[in-house]
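Here chain A shows up in two complexes: once beside chain B, once beside chain C.
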Partner chain A sequence: MPPPTCLRSFSQLSLDSAARASMASRARAHAQMACFSTSAARYANPVSKKKGMAQTKKGNKTLNVKKGRNTVQDTGKRPAQGERKAARKRIVLTNDNALEVATLKDMTKADVLSEANQGRVLGIPEATVDALRAVEAFKTTQGWSLFRRPATLMRKETIELAKVMKAAEDDKKTLRRVLSGERLSGKSTLLLQGLSMAFVRQWIVINLPEAQDIINAHTEYAPLPDSQPTQYTQETYTASLLSQILKANNTAENPMLEKIKVTTSPALPLALPADATLKQLIELGIVNPEASWPVFVALWQELTQPGRPPIMLAVDGTAHMMKESDYLNAEVKPIHSFDLTIIRHFIDHLSGAKSLPNGGVILAATSQSNAPSTPALDFSVQVAEARQVDPSKTPRWNPYKNIDPRVMEALKDLHSPTAKEQLKPLDVIKVGGLSKDEARSIMEYYAESGMLRAKIDDGFVTEKWSLAGMGNIGELERASVRLRI
Partner chain B sequence: MPPRLNVLSLARAIPYRPKGQAQWLSRPAARLAPTQTRTYSDAKDEDKVPAADRSKRIDAKPLGHVSEEASAMADITGGEGPDLSQGTPVQDIVRGDKKAEEKLPKVMKEQLKSNASSAPKGSRSYSTSTTPIGGGSGAFDMGLMSMTSPPAEAVAPGLKFEMPVLPLPKDGHLKHRYDPVVDQVTNLLMRHGMKSVAQRNMALILQQLRTASVPTINPQRPLLPGAPPPSHLPLNPVLYLTLAIDSVSPLLRIRNMKGAAGGGVALPIPVPLGQRQRRRTAIQWILGAASKRKTNTSGKTGYAQRVASEIISVIEGRSSVWDRRNMVHKAGISARANIVLPRKR
Partner chain C sequence: MPFISNINFTEGTLVKRSLETFFGIGPKVSQSIMARFHIQPWAKVGSLKASTLLDLTAELSNMKIENDLRREIQDSIIRLKDMGSYRGRRHAMGLPVRGQRTRTQIATARKLNRTLRGGDGRLGM
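On to the complex of A and B.
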């Protein structure tokens, strides 16, 4: 019963209860009892507003300034998380539309390091392509996706690197090279060629694909116990590095790591089965990231035992590791990159503090497109480049630039070498422009692949060679294949 | 092969006569012996034919059968008539004659129907594309290279440098050294005067066209006549782009003449477009359709990828740009009555 009726009947009850007949009062009493109950009103469903009724009066128009009121809502499926980035980072190594080059020969173990290859375009064998993919040697900016299968030009610098590798293999020397050169001159591709030659020669290959990924504080870190001064390990990064090493060096054709048995007795936090192989050792580190650094140390110790294959240790984007990292220590001061264990390991070998008893090559490629300013590295490279031209004319240090003494100390052999040998232990390979013969060779390969529609004659080669800034191979590719005006 | 019959000369229904060759094949070998009765068509001696009229009056003589009539007609007009030694298929005889077609056996009617439906639906009796001036292979730059060196010119005395080889190369002029279509698309891709970005996008588009799989051509949406087979397109991305743009470019635009219809009503008048104008319209349609597509990747390549996939869908006949072109042409046809040509004197 609604409240007004209830009140009214209540007042009537007090006024004329005596005057009422018994029949009527009995009926009213029934109504009064219902009147005092509040439960019905309480449990009733709330009155719903009528739908479609405008709040305002009919005929009144209100101003609606909401953005995008009239635009159609896009109801399509959104890309899944990470899908767009994966599409951006995808490495495509084949183009089904490109023609097969009949004359293309593969690198073979017998003659990959021979000097006769200069100026030839050689294909990379399939197993090596898989291994290179595993160590992330291919970059998205390189033009692999245009051709039927990966192939590279054996240019002058490649042959120089091949000679270095041959010397390291034959005399069990540790030779270190820094790859420098202009933008788009092919430094990363030369590094890739070095890696692929090492794979073909069945070396052990350890590649740090991008130095920036190690120091940009995207992976977890922890101080290494009993280290003075404190070093820092990166467990997740080391574990993924171990899995890359395993995938690249233990292929179906050359199951190197499966064959080699653990001979030393490494101190590991986890138990290793007796008579274990290197593969089992690495898998231990992959499965337990907290043990990855001790496993890496044990692996390195195993690989440097006598009778093991030579080692290729490489890094791209070296400038990033020649400065302080983005990690902070307990005093909230930046940690120097050299205090990260992986980088410390690399720098020890690059500076010559440690050597490889079975021989090997340490390669450090610089970058011109993604490089922080590192005056010490730049100066060392400049001095080494100038010495190759004329040993008496080397540039002097600019005293107004900030020096990083640890980097200067590490690259001592580069800017003030003591060795007088013909083949210096630490040197620069300056990646310059192609010669016209090399340019012609690679352009003939382009044309045979069907990617360049032109008659390759002297005039055409010279034109493109000049447009490419005296044979800069990246610019040459842009001008001829990529149709970049 | 020319039609066996001059269809236009037939004005009456014609009796059915079986296909000569089919009859010959079905005939058993034993019937090689001369028969008593001969059919009309291969009668050698006119008098032996039972129905032959022997009257002398020309107007009373019956007409010859259709093949004879057609060959006589061809004789007069100087053309090549049907071969009288063979029979004429009945389909040829009744072609174009609706009344006679109704009387055909069911099998032949169905065959006729299936033949009629095999032609593309949108095909018209008139052309919907322009023929380039100069004709022939001048339509497309197929990107073919002549591998023979040009003949050596006779050395003219008194010249410091060699005579230029004629014709001059297409990229010989500094300001016109790039392909005209690529140049035009680059300029239309450009936003806020950032030409280098537009050039990068153009290179990415061409790279996408080169690496995408071979397109499948839709017969309902015919490309320009003289187009190379689709398998050639990815190897020549500039031709791919040119073909897509030229195939969907409209022939005309509708200009609305204000007040020409009287009473303040605009009169639509179709106006023919030049080649560069037609390409511009088509490129803008394609770019508009591409910007409505959804982005599949992040980074700088997104727009170029969308444009490239729109170009591929144009070639494959899936793009909405084709409908747009058809709409413009339809409007042009309905408005062509409004064209007032100057009166001849």
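On to the complex of A and C.
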């Protein structure tokens, strides 16, 4: 090989030497590569890879479009069972960052039902807060977590309800009220105020926190023996309701259920100890869910004996119980909600078929956020609302809508012409907007809690009152406390 | 672990789902069985009482499900074949039975139309 290489090299060298004499050595190397033989390159030692190159290649990200390869390994810890639901349902009732309102007074047994409270913000006593928590009266959507401790505005509607409760207490009447109104107008809060007033007045309180939970077919059901037409009991739900009743009505400062002895001889599937108290009766139903409905019936019978305290019976989300439930009967037909024993018990009292001998109030709050269509209920409420404004102008029934005759029958008292008496047995409390005085009062409370940093004067109150759609309290809270711009 | 018709289910399984694992029980039938025994649609097998499980097993033993149902289907196909009917022949050839075109789209027929339709035995959950 050397001869041709050398010859060519020399000839190249002679050509280039004139132009680039200084770079002769480089030119020689270049000439070697340009010759026809490849042996030199072949026998040469392999070129070691440059260190930098491999590293840059490694770090490069390439687009990976292959399916089925886990690109991201999820190493996060999964939430424990029930943890997410607990977080969703958590009720926070205090805010350590909010200021204590020095002027805030609590509801007291003596004056909670007095009309002088109108327009005041009253705190809910601690024991009552525990009881309200036990009956699940607080909702996650309400703004309790913004303030130091729970307090409510005694608005016009609250005073109306207080009057009803006073009448029920004094004259041992059974008065029934349906709470209606726009979205965020404070129906559930008014219900809560009714419950807290009842707790403060040491009534017996039975609250069905959400009608939807009763009818959505998530708990066990079974036909009630010897019922015609067939009714259905819900033992798990009834047992949990009994435990709520016990927890809420048998507090440390008012152990009312421990004091009352069982006087009737209820027919129970399980033996009750001799000389038992109502607490023991309820515990029997909690421990043995299969006996929970007979225990509830026995409890109700005990509570309606003469000399017992008045009863507050309440439900939220009423529309759900005014239709067919999600349960199926043996013929695979939907069971009407009124055939579920708990709902029937409530509806019997709401419709006036049964009354409370010791007096009491039946409260049914409607909802605008979570409500199935129930034309019969909507129409009945509309009629009652219209009658309050002008008895001669009531709306007509739309014949193209499906009527549920059982619901219409249950609510027929809402359609009856206005009696001259002061308090109708069944009526609607329309929860409207706040007046400007009430709005000012609640906004002063916001400001004193340190949650609203503004000077509360007429102009400011009017501005927020208007922004809140003429004093809708939920919108008012949104506009003044929650919304930070 | 609760047993329904000698099949073992985990406690967290929905009753609806566990019933529908049986050949011959679909959404409608499972709904009607559950309604008959007053089991709510979201019930889990673990929450059923022992007596309800026995009732369900007794109910299923009276129904034509699983291998009995498979055998009935196979018998009726074999009957068609033995008669020498067109439908029987089409079943045996694995071709569409009800006059569909065969130029394209007969994958389902090739998969299903055979004299021993439905295979044999429980396939499991």
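Following the convention adopted for this analysis, the second predicted complex is superposed on the first by the 406 of 485 C-alpha atoms of A that agree within 3 Å, B and C clash if a C-alpha of one lies under 4 Å from a C-alpha of the other, contacts with A are read in each partner's own complex, and residues count from 1 in each chain.
To be clear about the criterion, a residue touches a chain if its C-beta (ideal position, glycine included) is under 8 Å from a C-beta of that chain, and two chains touch if they have at least 3 such contacts.
Remember, predicted model here, so these are calculated numbers, not experimental data.
Model built by superposing both complexes on chain A: chain B and chain C fit together without a clash. Contacts of A:Met451 after superposition: chain B is touched, whereas chain C is not reached. After overlaying the two complexes on the shared chain, residue contacts for A:Ala330 are found with chain C alone; chain B is out of touch. When both complexes are overlaid on chain A, the residue A:Leu146 reaches chain B alone and has no touch with chain C. By the touch criterion stated above, A:Ala217 is placed in contact with chain C alone, chain B being left untouched. In the superposition on chain A, A:Lys393 makes contact with neither chain B nor chain C. With chain A used as the common frame, chain B approaches chain C to a shortest CA-CA distance of 21 Å.
Within the complex, the chain B residues that touch chain A are 143, 145-147, 178, 182, 186, 199-200, 202-203, 206-207, 210-214, 234-238, 294-299, 301. Across the complex, chain C meets chain A through its residues 31-32, 34-36, 38, 40-43, 47. Those residues of chain A lying in contact with chain C across their complex are 217-223, 232, 326-332.
Those residues of chain A that touch chain B in the shared complex are 74, 76, 79, 84-85, 87-88, 92, 95-99, 145-146, 450-451, 453-455, 478, 482-485.
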